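Each chain gets a letter, A, B, C and D, in the order it is written, and its residues are counted from 1.
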Amino acid sequence: MTAARLQVELAGMKLRNPIMPASGCFGFGKEYAQFYDLEKLGAIAVKATTVEERAGNPTPRVAETPGGMLNAIGLQNPGLDHVLEHELPWLERFDTPIIANIAGTTTEDYVAVAERISQVQNVTALELNISCPNVSCGGITFGTDPVIAADLTKEIKKVSKKPVFVKLSPNVTDVVTIAKAVEAAGADGLSMINTLLGMRIDLRTRKPILANQVGGLSGPAIKPVAIRMIWQVSQQVDIPIIGMGGIQSAEDVIEFFLAGASAVAVGTANFVDPYACPTIIDELEEWLDRMGVNSITELIGAGWKN
Amino acid sequence: MTAARLQVELAGMKLRNPIMPASGCFGFGKEYAQFYDLEKLGAIAVKATTVEERAGNPTPRVAETPGGMLNAIGLQNPGLDHVLEHELPWLERFDTPIIANIAGTTTEDYVAVAERISQVQNVTALELNISCPNVSCGGITFGTDPVIAADLTKEIKKVSKKPVFVKLSPNVTDVVTIAKAVEAAGADGLSMINTLLGMRIDLRTRKPILANQVGGLSGPAIKPVAIRMIWQVSQQVDIPIIGMGGIQSAEDVIEFFLAGASAVAVGTANFVDPYACPTIIDELEEWLDRMGVNSITELIGAGWKN
Amino acid sequence: MDKGLLQVVSNELVADRVYRIRLQGEWVNRKIVPGQFLHVKCGPGIDPLLRRPISISDVDQTEHTLDMIYRVEGSGTKILSEAIAGNQIDLLGPLGIGFPIDQRQKGERALLIGGGVGVPPLLYLARELAQKGVRVTSVIGFGEANQVFLEEELGSYGEVYVTTIDGSKGHNGLVTDLLNEQYGLDNNAWDVLYACGPLPMLRALQDRYQATDKEAYLSLEQRMGCGVGACLACVYPAAEGSDHSYYKTCSDGPVFELRKVVLG
Amino acid sequence: MDKGLLQVVSNELVADRVYRIRLQGEWVNRKIVPGQFLHVKCGPGIDPLLRRPISISDVDQTEHTLDMIYRVEGSGTKILSEAIAGNQIDLLGPLGIGFPIDQRQKGERALLIGGGVGVPPLLYLARELAQKGVRVTSVIGFGEANQVFLEEELGSYGEVYVTTIDGSKGHNGLVTDLLNEQYGLDNNAWDVLYACGPLPMLRALQDRYQATDKEAYLSLEQRMGCGVGACLACVYPAAEGSDHSYYKTCSDGPVFELRKVVLG
């Protein structure tokens, strides 16, 4: 009964609740499984997987900013084979849908990962991380050009056995155009937003704190940008949105729903509190009570749907 | 002696120190003159002026976000004539350079303001606010297209008697291209960054808090984005940058200098502490002592120079 | 007007979610007009970032104390409610134009109307009016019985009518329901009206007295940035025929002559 | 490992900018290995947002207390230094793999080397080793005399050598200057080495003992996100020939066998 009110369905995925850890902030689940039962979660977006193992960037890889953090992990991951052989099978013990985040530097990279990973039984959807630099286009990221983003989406859709969510970068002039382009190319849903590009400089060394110089800004600081973009995009597309960016509480989740999200991902908040996700899920129930809402789906886009 | 170490010179302007209140956060100076002598300041960037008086947006016009605030004042100002007759003459009592921020919705609007306001004796430079929607280009903002931004800069440069700083919007995919375009068009300097587009939704009303729905995000939350953009742009242009975005302390000022700024503007912090600017100026001296720096100009771009 | 650091003397729950905080310091030793407000930094750091406007509800110049009465609404007031005796509070003020009382004459009859957390500034106002020999009547409205506060204190300066929307205390209904002959509160019963409360209440009062020649003042709220008149966050459109096109709540108000502003 | 809320018993300055905080609670009633650390939420709210890793410097299971000794570096440790007795501190731990001591035998000789705020975990380590009958010698280095701490406490478990860079206390120079026959601290003088301190010190130790067959462990620092092994913020490359390509400081460390990691 009360469980049902948190249920959402998006792109054919049925989730027991709309809360999932965000990709890159939860590894492949093992660490947080020490704290709570991962079946509490609506889904899990796992760390980006690339064809080959990646060593990632030199350290320091994180820096703190006011109300946020920068990261430049650099897509470190054990590579597709290892993920298929070890990480995803380990997650089978939980009856929790897995969203496989995939990355690459060429279209072929992405396609190779998508094709194989989408066949895994507990992978319920793919999340296309298009913030990566596209080597064949001179390093501009896949996510900043609507045509390149759409082309990539098309190729992935050809091989994917599961719904494809395209994860949009906020570092663009016009996120709506990109969203519409990937929708037209067949995307089943959108994830937004990925991190904002930022930097911090150390006053003592006079150099950027991150070895990679720039990094991705996440955490509460970026929430208003995420809400604005989801608000704009959700009114222009007909595919569901997984919202993310600074979510820390059930109130934040409701704000994302009102803006137009159909589910949400929690990233940085896991680092602040390993129990962030289950706590938010519990509090969400209380909020729906207080608001007299029977199903959280009533709130999707309620900010603009009169 | 100690005064000289804070002196900066940019685009021909000599400032006793590099700290100025940011446009829109200090009116035309009268209010903060109740707290301290405005001659303490390096300069003052006054509120955007348009040809005609503007009533601005309906209220609420501000909303708070984690570590930041949204505003949608809507360029409310008393219009060019009033500014020329009342506001700027009032500021003559202070030996403090004025940077006149100008705005409009057509090129002609901007040109009309620039031509007359640049002739005012205490106006030392113009700051071109190109975040405004360009009505003749279907409402896209002047600041998001390099060609439109460059054209506007050219027209302003034709009529301006004073150096022109172009104030860049951070809501773009590629700020470097826009910066280079306005430099090529004759800009004497850059101001960056203006606010990020954001939104907050009220859980009770389920509507955006701002009457204008979206607003500009300012305050500490956006500092890493500002630092990143100044870092990127300062390495690609030869004109000086007035840095801004979340500055609250002397440490923040130094971070902006290391990234490549030659002066800075303090916006939102004035609301938190009306003494923000003079306090930062005092603390800046102490920091230079501690760092063993003789002139703050040594720090400009020190983060990336060699 | 200046920034000040005052020490918390006490901070007590006086009604449902409503606290009265008493602050002490030399800083209080300045002219404070009823209806003026303070811009309060509710906690250190960047969250909450902005100050919160809260009315001065009472002043004791001999003890150098001032009171604010506030309702916990969001993050700022929540943090303020956690302040304990001995803590320091960073504030800016006194801000704005308060209730005009200089012209008041002994024997005049003032009607004070307050709703919810609009009631607090009326206490200091009532006291200052009473001191001038003005006869004070207060009508204060709340949601329900457990939200009522200041009834007794206002009672020491004149008659007090309490209304609650659910009728659980005092008169059932809104404050405006009492402004008639039945209660001896019709136009002829008072010389000047001072009101502070939620926008619908103020709108109702404006509608009612707009076309009359009664002297009346409304204290308004608006979301603020600077609190000192610089950022233009807090404007209300000026009524037709004014010499202004708009007014800033923080520096032209928060108290306005009833006919001066357009209450959107 | 779990989240806990511990109560501050005391929080005192023990050296220049260095504080010792003692925390108490049932939570302490769990197995804690020397060299493990806590991930500390230094203040409520979003600034600072992330937790700060700080080593456990001592544990008293009967009193249910644990100590951390930390230097004020930035915003997080600054706020922590302002905590007073009775405050609650939110922490996560005990985290990571500590110093391996299970295999230690009575009569073995352990050399503990610490630099600056790397010294704290050595105290609990020294105590646990001493309890096993291991003979402990400590060499601890600081910048100058006013930065020295734990000299006396470590003294109750064995001999302590202090170095300061400016020579204002103890031996003039770096800890590594003492690792020779002159001080009876050459390779033959100890069976196992445990070190914690700044990267240059650890690098010097690695260079010195890399090619030897001495048993040695280094405790490393790295900027962290999650602290539990999920975010990959805190990695060090694994040395050639390892079965790993990298190690996570938070969950594979912070203590590593000296030859296992590449100290960039």
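Rule of thumb we're sticking to: a contact is a pair of C-beta atoms (placed from the backbone, for glycine too) under 8 Å apart; a residue touches a chain by one contact, two chains touch by 3 or more.
This one's a predicted model, so the numbers in the text were calculated from it and none came from an experiment.
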Intersection of the contact lists for chain B and chain C: A, D
Taking each chain's C-alpha mean as its centre, the one farthest from chain C: D
Cα-centroid distance, chain A relative to chain C, in whole angstrom: 47
Interchain centroid distance [CA atoms averaged], chain C/chain D, Å: 57
Chain A-chain B separation of Cα centroids, rounded to whole Å: 34
For chain C, residues that touch 2 or more chains besides their own: 46-47
Chain B: positions in contact with at least two other chains: 66-68, 219-221
Parts of chain B lying in touch with chain C, wherever the complex brings them together: 24-27, 30-32, 34-35, 47, 53, 55-56, 58-64, 66-69, 71, 73, 76, 209, 219-221, 248, 268, 270-275
Complex contacts: residues of chain B adjacent to chain D: 66-67, 220
Complex interface listing, chain D residues touching chain C: 43, 45-47
Contacting residues of chain B [partner chain A, same complex]: 65-68, 70, 144, 171-174, 196-201, 203, 206-208, 213-214, 217, 219-225, 227-228, 231, 246, 251, 254-255, 258-259, 291, 299, 302-303
Touching residues (chain side chain C, partner chain B) in the complex: 1-3, 41, 46-51, 92, 222-237, 245-246, 251, 264
